[in-house]
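What follows is chain A paired twice: with chain B in the first complex and chain C in the second.
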Partner chain A sequence: MIAFLVYLFTIIGIYGLMSLSLSLQYGTTGLVNLGEVGFFMVGAYVSAIMVMLGGLPIGVGLLGAIAAGAVFGVLMALPIGDLRQDYWAIVTLAAAEIARLIFLNTNLGSPYVGASYGVAGIPAPWQQHFSTAAYGYVYLGLVAVCVACAYALVRWVGRTPYGRLLKAIRESDEVALALGKDVRRARIWAMALGGGIAGLAGGLFAHFNGFIGPDYFMPLETFLVWAMVILGGSGNHLGALVGTAVIEAIYNSTRFLDISQAHASLVASLRMVLIGVLIILVILYLPRGLVPEGRRRYGGSRAAQR
Partner chain B sequence: MLLSVEGVSKHFGGLTALDEVSLSVEAGQIFGLIGPNGSGKTTLVNIISGFLRPNGGRIVFDGQPIQGLEPYQIARRGLCRTFQITLNPARMTVMENMLLGPRTQRGESIWRAAFEPWAVRKDEAAHLERAWKLLEMVNLHHHADEYAGSLSGGQKKLLALVQILMAGPRLILLDEPVAGVNPRLIEDIVQLILRLKRDGQNFLIVEHNMQVVRQLCDAICVLDMGRVLAQGAPEEVLARDDVLRAYIAAGGQVGEQAG
Partner chain C sequence: MIQIVIDSLIRASELALLAVGLTMVYDVLRFPSFAHVEFGTVGAFIALAVASLAPDHAWAVVVGATVAVIVSGLLGIGADRLIFSRLRQASPIILMIASFGLGIAMRFTVRAIWGPDAHGYPLPLQRPWLVLGGRITPTAVIIIAATLVCMLAFHLLLNHTRLGVAMRATADNAQLSEASGIYTERIIRLVWFIGCGFAALGGVMLGLATQIDPNMGFSIMLPVFAAAILGGIGNPYGAVVGACVLGFAETIGLSINWAPLLHWAGVTAGYLFIPTGYKQAISFVILILILLVRPQGLLKSRVS
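And then the complex of A and B:
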């Protein structure tokens, strides 16, 4: 049981990074990014390739995953920086799928990256120094540190004038433009920041799971992350993490049910139904999510000036 | 001359929204742009502010051609606009809206926010002080921490106006500053605009309310069917028969709104 909880929290942490990424991009900036899983996949593959082919340390691989996610975010945003939300939805969805189809159909000239067979035997950091039981905690600790850093980053962004501009873009990009703001540039940066965070999630996943394949990065993953952000409270980064915990707990809960093989796929589908129902209930009764977006108060600063 | 529009045309498919429109706005005056619904006023405002591209013509602001620039580039040169329906970020507080106003803020670059935190903090403090003064001027200071979306229609117009003032523009384009505002607040807005003019602020105003146009404007331009029908001092222009006829043909708004 405890081993399962360690596993569950590690997964929550990895998906939590993706939720923080989407929370910044959609929750704060209003960018309809339906290609969230693309960052995750690019990060996973880049870190695996750098470590296994490049012989680089895993830390460098993870930094590579961050950079790759950020670059992928910029590439997605460049052609659509000026456009409306509907265009963002279709372009980001397509970009992630294109990237997935590339990984599905090429082995990049190497025996490791096996197209549809995926990449097996991805090493984990410091594994030889610990017993299998203890290693779970070590990796959970690594993931927790990453989540804490990412959370601190997005919180900090929210308190800068740049973060205020992102919120203004979410609410009305026309007003931001009329006030002389370079909206396109701000959007591209939001995609880069969020892309880097989700790229890190991908790298952490690759080294945690030891195996990655194109099937892991279907658009469904993106929608799970969306469910997490909407459930938790769009615009609140803590809410994104809460939403991640709830969705992952539901997603992994069925393994304790005593079900026969024959019903396994039925139950797997029922999990998605349950998540769907939960989303509908939240939208109906808690439209701002479990943890609503907060507002920054300035009232005190007026008294201070007198 | 502050702003000059020279022979600007705009076609939407087969429809000619603006046909060789020319006008000029002098510094130190409030310039009114009026005309019946569908005469092309908002199209012209959108073209001047860069939200639409003209099919032809030139726009010169402060001695520099600005046609073809991006909206934010035009705003950075000191020509800022408001919107007919106030679009102010609803899920941001009144104060956050105000702090968004200043045109180029160091902290809006993520790098400078990270590496020059003290300079950014100093900017914020200065903006905050100015924002409190402006909010007090329009009596919105009690609402500073409320969401802009929860303000009344008139208060939203006031917020849009003081937010633009935070940007410190040379010329403000006000698109229908009193439309949908209750009569008591209309007088407040008119007095505020007159006061700002005395302080040296330049305005170009699009407005339907003739009473307000007479009170505010030093010069007006009447658009009808995408053409300039008349230009000059308000009393003379509004007394002209063809101007009156244009309004009556479009639904008799002079009678309704002249009050």
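And then the complex of A and C:
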């Protein structure tokens, strides 16, 4: 049971990074990125490739994952920087899927590595120094530190002038344009930042799971992250983490049901139906989420607010 | 050569039915419904369920397709009543995400009922006809003909009936139409019915041409969106044009030898085909090119 909880919290932490990334893109900037899983996938593959084929230390692999996620974010944003959010939605969705096709169809070095075989035996950091039982806590600690840093980063960005510009773009990009701001550039940077955070999540996942394959990075993962952010309350980074915990708890709860193999596929389907319905119900009845976005006062005194 | 034309027309037919529905809903409600292609999946499976009742008769598929169109159309109205009508004042982004959630819920409901496996319609094996050196099955003829009939009927509805005028007016300016005595909510319901009905028919045809599985809607989402955007989103005629371009681009892209064309670029391979695994990439490249060069689409988008 304890081992399961450690596993669950590690997964919540990894997905928490993804929802912080989406919270920055959608919650703060209003970007509809339906290709969030692309960052995760690129990060996971790049870190795995750098460590396994390049022989580099895992820390360097994780830095590579951050960089790869950021670059992927910029690449996705470049052709659509000026366009409306409905175009963003379809292009990001497609870009992540095309990137997945590339990983699905490309061998990495030897014949049974990469492509549909995936990459197996990805090493985990400092594993030889700990027992298996203790190592779970070590990795959980590593993930927790990463989540804390990412949370501090997105909170800090929100308080800078750049963060205020992002919120202005969310409310109306025309207003930001009229004020002479470079909206396109701000959006591209937001995608780079978000991509870096989600790329790190991918790297952490690869070394945690030890195996990655193209089937792990279906568009459904993006949908789960959206469910987390919407449920938690878009625009509030703490809400994104709360939403992550709730959705992951629902998602993993079915493993305690005593189900036969025949029903496993049915339960997996019903689980996704439940999360889909949950998103719609939250949008209809709880549009601000579990933890609504706080209103920030400027100017300090109450009199200034009147 | 003629085979490429035939294959392209079949693909264009499937895409056109789905893209017209998508663009219609966009035209009136101003958001792209990510659930739209899932109505195609639902339609294909409903038609399968009906057709399986009388597996020995080929006409059972026709009855099934009719039932699928009606049921999917009603499901579209139901989705609008339950979800989207409550979000008329919300931003398109919220509507988009709600439709994304609805799409996932629909796809996995289908998967829960019929399982993840692929099915086919109970049709006897067909001997293809030889036309100008190309092969075409009777089913393919029906697919292309039915699409042409649907598009023609829709064109007549849009331009030669009071209902069509009301639809176009609602799409142009809902408030002004309401002030002129058009009951816009009824028009919106009609748009959902027709759009989702067309999607269901497109799904049945996709199922006839290939196979029926819960992911079929999602797998065609990208070309359908690319077709709608290429033609100018919100413009039904543009969607048909876009579907034809996509149909031909996909078929031609996969079936021609690129090596001679890339000779100038220093490619010396004797043959160079795009692997079928990258079929989706063709739609993606076209989508990016339109968005870079002409985001309003080939024909003028009706939405500024």
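The rule is short, and it goes like this: the second predicted complex is superposed on the first by the 293 of 306 C-alpha atoms of A that agree within 3 Å, B and C clash if a C-alpha of one lies under 4 Å from a C-alpha of the other, contacts with A are read in each partner's own complex, and residues count from 1 in each chain.
Methods note: contacts are C-beta pairs under 8 Å (C-beta built on N, C-alpha and C of every residue); 3 or more make two chains touch, one makes a residue touch a chain.
Computed from a predicted structure; not experimentally measured.
Enquirer: Overlay done on chain A, so just call it for chain B and chain C: clash or fit.
Expert: Result for chain B and chain C: fit.
Enquirer: After superposition on the shared chain, which partner residues are touched by A:238: those of chain B (first), chain C (second), both, or neither?
Expert: In the superposition, A:238 contacts neither chain B nor chain C.
Enquirer: Taking the superposition on A as described, I'd like to know which of chain B and chain C A:283 touches: first, second, both or neither.
Expert: Second partner only.
Enquirer: So in the superposed three-chain picture, is A:75 touching just chain B, just chain C, both, or none of them (first/second/both/neither)?
Expert: A:75 sits against neither chain B nor chain C.
Enquirer: Touching A:153 in the superposition: chain B (first), chain C (second), both, neither?
Expert: A:153: touches no partner chain.
Enquirer: Quick one: is A:171 in contact with chain B, with chain C, with both, or with neither? Answer first, second, both or neither.
Expert: A:171 sits against chain B, while chain C stays out of touch.
Enquirer: Once chain A of both complexes is superposed, is A:85 in touch with chain B (first), chain C (second), both, or neither?
Expert: Second partner only.
Enquirer: Which value in Å is the smallest Cα separation between chain B and chain C when the structures are fitted on chain A?
Expert: Chain B and chain C, overlaid via chain A, are at closest 9 Å apart by C-alpha.
Enquirer: Contact residues on chain A for chain C in the complex?
Expert: That would be residues 30, 32, 34, 79-80, 83, 85-87, 89-91, 93-95, 97-98, 101, 104-105, 219-220, 223, 226-227, 230, 265-266, 269-270, 272-273, 275-280, 283-284, 287 of chain A.
Enquirer: Residue numbers of chain C touching chain A in their complex, please.
Expert: Within the complex, chain C contacts chain A at residues 31-32, 34, 83, 86-87, 90, 92-94, 96-98, 100-109, 111-112, 115-116, 218, 221-222, 225, 229, 233, 275, 277-278, 280-281, 283-284, 287-288, 291-292, 295.
Enquirer: If we count contacts the way the header does, which residues on chain B are in touch with chain A in the complex?
Expert: Residues 49-51, 70-73, 75-76, 80-83, 87-93, 95-96, 99-101, 103-110, 113, 120, 123-124, 128-129, 132, 141, 144-145, 147, 163-164, 167.
Enquirer: Going by the contact rule set out above, which residues of chain A touch chain B in the complex?
Expert: Interface residues on the chain A side: 157, 160-162, 164-165, 167-168, 170-172, 174-183, 186, 189, 193, 235, 293, 295-299, 301-302, 305.
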